[in-house]
Amino acid sequence: MAGEPSSFSLGEIVERLGGEVIGDPRTTVRRVAPLESATPDSITFLADERYSSRLGKSRAGAVIVGESARRATGIPRVVCADPHAYFARVSGLFNPPREVCPGSHPSAVIDASAVISPGAEIGPLAVIGRNVQIGEGSRIGANCCVGDDTRIGRHARLEANVTIYHGCTMGDRVIVHSGVVIGADGFGLATESGRWIKVPQIGRVVIGNDVEIGANTTIDRGALEDTVIEEGVKLDNQIQIGHNVRIGAHTAIAACTGIAGSVKIGRHCRIGGASGIAGHVVITDHVDISGYTAVTKSIDRPGRYSGVYGFEPHARWRKNAVQLRHLGELAERVRALEKKQAQKKRSKS
Amino acid sequence: MAGEPSSFSLGEIVERLGGEVIGDPRTTVRRVAPLESATPDSITFLADERYSSRLGKSRAGAVIVGESARRATGIPRVVCADPHAYFARVSGLFNPPREVCPGSHPSAVIDASAVISPGAEIGPLAVIGRNVQIGEGSRIGANCCVGDDTRIGRHARLEANVTIYHGCTMGDRVIVHSGVVIGADGFGLATESGRWIKVPQIGRVVIGNDVEIGANTTIDRGALEDTVIEEGVKLDNQIQIGHNVRIGAHTAIAACTGIAGSVKIGRHCRIGGASGIAGHVVITDHVDISGYTAVTKSIDRPGRYSGVYGFEPHARWRKNAVQLRHLGELAERVRALEKKQAQKKRSKS
Amino acid sequence: MAGEPSSFSLGEIVERLGGEVIGDPRTTVRRVAPLESATPDSITFLADERYSSRLGKSRAGAVIVGESARRATGIPRVVCADPHAYFARVSGLFNPPREVCPGSHPSAVIDASAVISPGAEIGPLAVIGRNVQIGEGSRIGANCCVGDDTRIGRHARLEANVTIYHGCTMGDRVIVHSGVVIGADGFGLATESGRWIKVPQIGRVVIGNDVEIGANTTIDRGALEDTVIEEGVKLDNQIQIGHNVRIGAHTAIAACTGIAGSVKIGRHCRIGGASGIAGHVVITDHVDISGYTAVTKSIDRPGRYSGVYGFEPHARWRKNAVQLRHLGELAERVRALEKKQAQKKRSKS
């Protein structure tokens, strides 16, 4: 990683990742770049054939294109099934994640009962509790806290300042960003004479393989049973996941979404940012929710659902917002008009 | 806590918590469980008499029921006034909070002027500032930072990675979850020639007894006077509380709610998740706000208030959302129709 | 700072900050206070001439007023162009930020390659990575983590528990509150056979001079190019800023706002709390967005925009919310009524 990034020829790239070179396979690139700012030592990609005219102006040394754009340019190119996914993999060649340096920093505070793979890295000032297990090739960042009895799989990566409470489990290749809190108590309250009583939160958080969790996201432990994030789920930043939630495999959720307790979300769903999902809602597989949508009841059919009501210049918005408060009455007035019109028609005939 | 949880007979339970046993008081249970998955060594509860038919299928060893369901099952049972609250207390018997281990971890950095009760526990790598006071039986988790001159009461619990700024105070039995930030500067800005000037934030945060604060919630210090969270308030995760806010005793606020500066919320309120309360709004006691509601003006009468506009399949939503932009005009058109109809009527008579 | 705050006469204040004293310039004040609770040793301010009657009841020793209120009271006063901004500066005299104590706490873990100004302060248990540069007069709080190759300017202040990833840069006089995460990976995903592939996030976060960032706010690094926060931007708490966003100079954003990837916001904008801005939206300079508004498309004209739909008592809200689901149909029914009315008119003439 020192100094310059490594370089790859198009021939080397397709050898590793598949696809077909058109043009000189010895064309060498040193970095990935967006179409607009690509330089002759960069490889870029064309996400959508409709933008192929932009290739004319690009100074890119090479480009990744889909099948239908194989003749859209004279630039040396790699033809593949999915240019965006292929580009992600090429970028991974040029930008591999930092390697794990096995061993524990002397400043880390590690309980003697913890079982840490000799192939794992524990960063400075991390705190590892009793009976914690950490698998081979995993990296625990600086200032992380891992609670008693928690298990972390292999090749996981916890960035700096992650907090995991006791008794949680996490699969292989999980990535957790800074500020994340996993396993805090859910919001479980009973009332008694006008005061709140805390309901002990005794479930765990169980996280599958290949999950990624964005910065400052929080996932509460279950009340009685577990909160479960299935494999391949991708969570963006500042998401809140309440107790007893289950999120199905390969679902992706954008930032700032709040998911209340006991919600079940299916597999392969996509939830837009700043959405809210009310308690106990059940969402089936393959559902897309637009951003800024409040999901107040269950969804049992795949498809796209929306509930965001847009914005206007302030003066126009005021007129509409005021009327929204009288919408029930407006509907009644329209009904009355329809009735009178119908009566008149009848009285004429 | 080692190995198996302890066990209690129903007789022992009512001796500690009150209520009446029906069936064999020697019936012994070892854990709490939900109705559906309870096993013969579990005690469960029936929250609502309407679900009493579910008791027929339950394998629970014992059940907590309300007065009206005392004959709803043959399972050994405890009859009490409020089954949910009672269950919370029974769960507390089986799952007591981890005991405090008095003393300071050698890796903690504690200013010599701090006054820490010999009965308090300071976790690894915690940082305790000048003149901090920490009361008996309190536990400060790993990697917490407590700023200068802050006072924490007795039997408080700060989980790992909590940050409290200087000069704040916190009552007894307060629970603060990881990632919480208390006492950061409020968003106080003045403008001068198109640039922002910072208004020093010199108030404190004052937190009463028995408050619980969820993961990654933030409570800003007051601008000139204090931000106050009264006793018994329960805050879920990722809530933002601006400067000079006052939250009345025994109010509960669900996750992701944003409360702007100088808001006053009464006692015994319940605020749903992902709500927003605009600056300087005053809300009286005993107000319930539904989730995902924007509270843009003050509320002076108890009751429930809502403002969430739901979602639809995308195509139907589009039709409605477009019309919302013309709602003011639609109302005018209805008025015009009504006027013409009235004219016609008048011209006939 | 020990014990009592220092005191200033009005004469000393105008000597430092400009303005004109009316009344005895030897009048001495010891603190700033709000109008209502000011005591004879306090100086307060009158933000708005309309409230000048309140001055009659104030016990304040002195007051800051605008030109038009110069005769509104007999209290000794400072007349200036902008009382709020002036008050902020006076408060700064009485409440200067804690001074930086140059040097590194022995418990901090600092890589040997880091270049830290001898005039900078590194707090306890901070972790400073490889090749980090920290400028003169900057303070890094307790438990902060600064990633490899990151550069922090002069007189910056990172409160406790801030996390900055590798390779970011930050200007002079930047203030970052606790729990902030800068430079985490953006939410960059490609799909391949129903699974998500991570797109490496190789841009940086670049933060200008005089930026302030509130507690638990997150700013993602760019995917290919940089995420940029220009000078003088003020961000409140719990804001999420996605990858490749650019925020123009002197824009202020209130708490809980989510800004999706590749958004461009102009200079001198004001964004209300709990707003959401959809991906790739472009907002021009001098735009104000009301709180709780979803900005779903670009804005190319300055002005104020709103999209919050208020709340109602629950029963009334239900009636309106139900009708919103049929708004498209309601509009069609009104069109039908209009058409029939027009036909009748035509058939008569």
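Chains here go by letter, A, B and C, matching the order in which they are written, and residues are numbered from 1 within each.
Throughout what follows, a residue touches a chain if its C-beta (ideal position, glycine included) is under 8 Å from a C-beta of that chain, and two chains touch if they have at least 3 such contacts.
Note that this is a predicted model, so its numbers are computed, not measured.
Trainee: Among line, ring, star, complete and other, which best matches the way these chains touch?
Mentor: Chain contacts: complete, every pair touches.
Trainee: Could the interface between the copies subunit A and subunit C be described as same, meaning over half of its residue numbers are common to both, or is it different?
Mentor: Different, since under half the interface numbering is common to both chains.
Trainee: Fit subunit A onto subunit B over the CA trace and report the rotation angle, somewhere between 0 and 180 degrees, nearest 5.
Mentor: 120
Trainee: Would you mind pulling out the distance in Å between where the CA atoms of subunit A average out and where those of subunit C do?
Mentor: So the centroids are 26 Å from each other.
Trainee: Note the residues in subunit C that touch 2 or more other chains, in rising order.
Mentor: In subunit C, residues 125, 143, 161, 179, 216, 238, 256, 308-310, 312, 324, 326-327, 330, 334, 337, 341 touch at least two other chains, as defined above.
Trainee: Touching subunit C in the complex: which residues of subunit A?
Mentor: Going through subunit A, the ones touching subunit C are 32-34, 37, 82, 84-85, 87-89, 91-92, 94-95, 105, 107, 123-125, 141-143, 159-161, 175, 177-179, 212, 214-216, 232, 234, 236-238, 250, 252, 254-256, 268, 273-274, 291-292, 308-314, 317-318, 321, 324-328, 330-331, 334, 337-338, 341.
Trainee: For subunit A, which residues are in contact with subunit B within the complex?
Mentor: For this pair, the touching residues of subunit A are 109, 125, 127, 143, 145, 147, 161, 163, 165, 179, 181, 184-185, 187-192, 194-200, 202, 216, 218, 220, 224-225, 238, 240, 242, 256, 258, 260, 276, 278, 289-290, 293-297, 303-310, 312, 316, 319-320, 322-324, 326-327, 330, 333-334, 337, 340-341.
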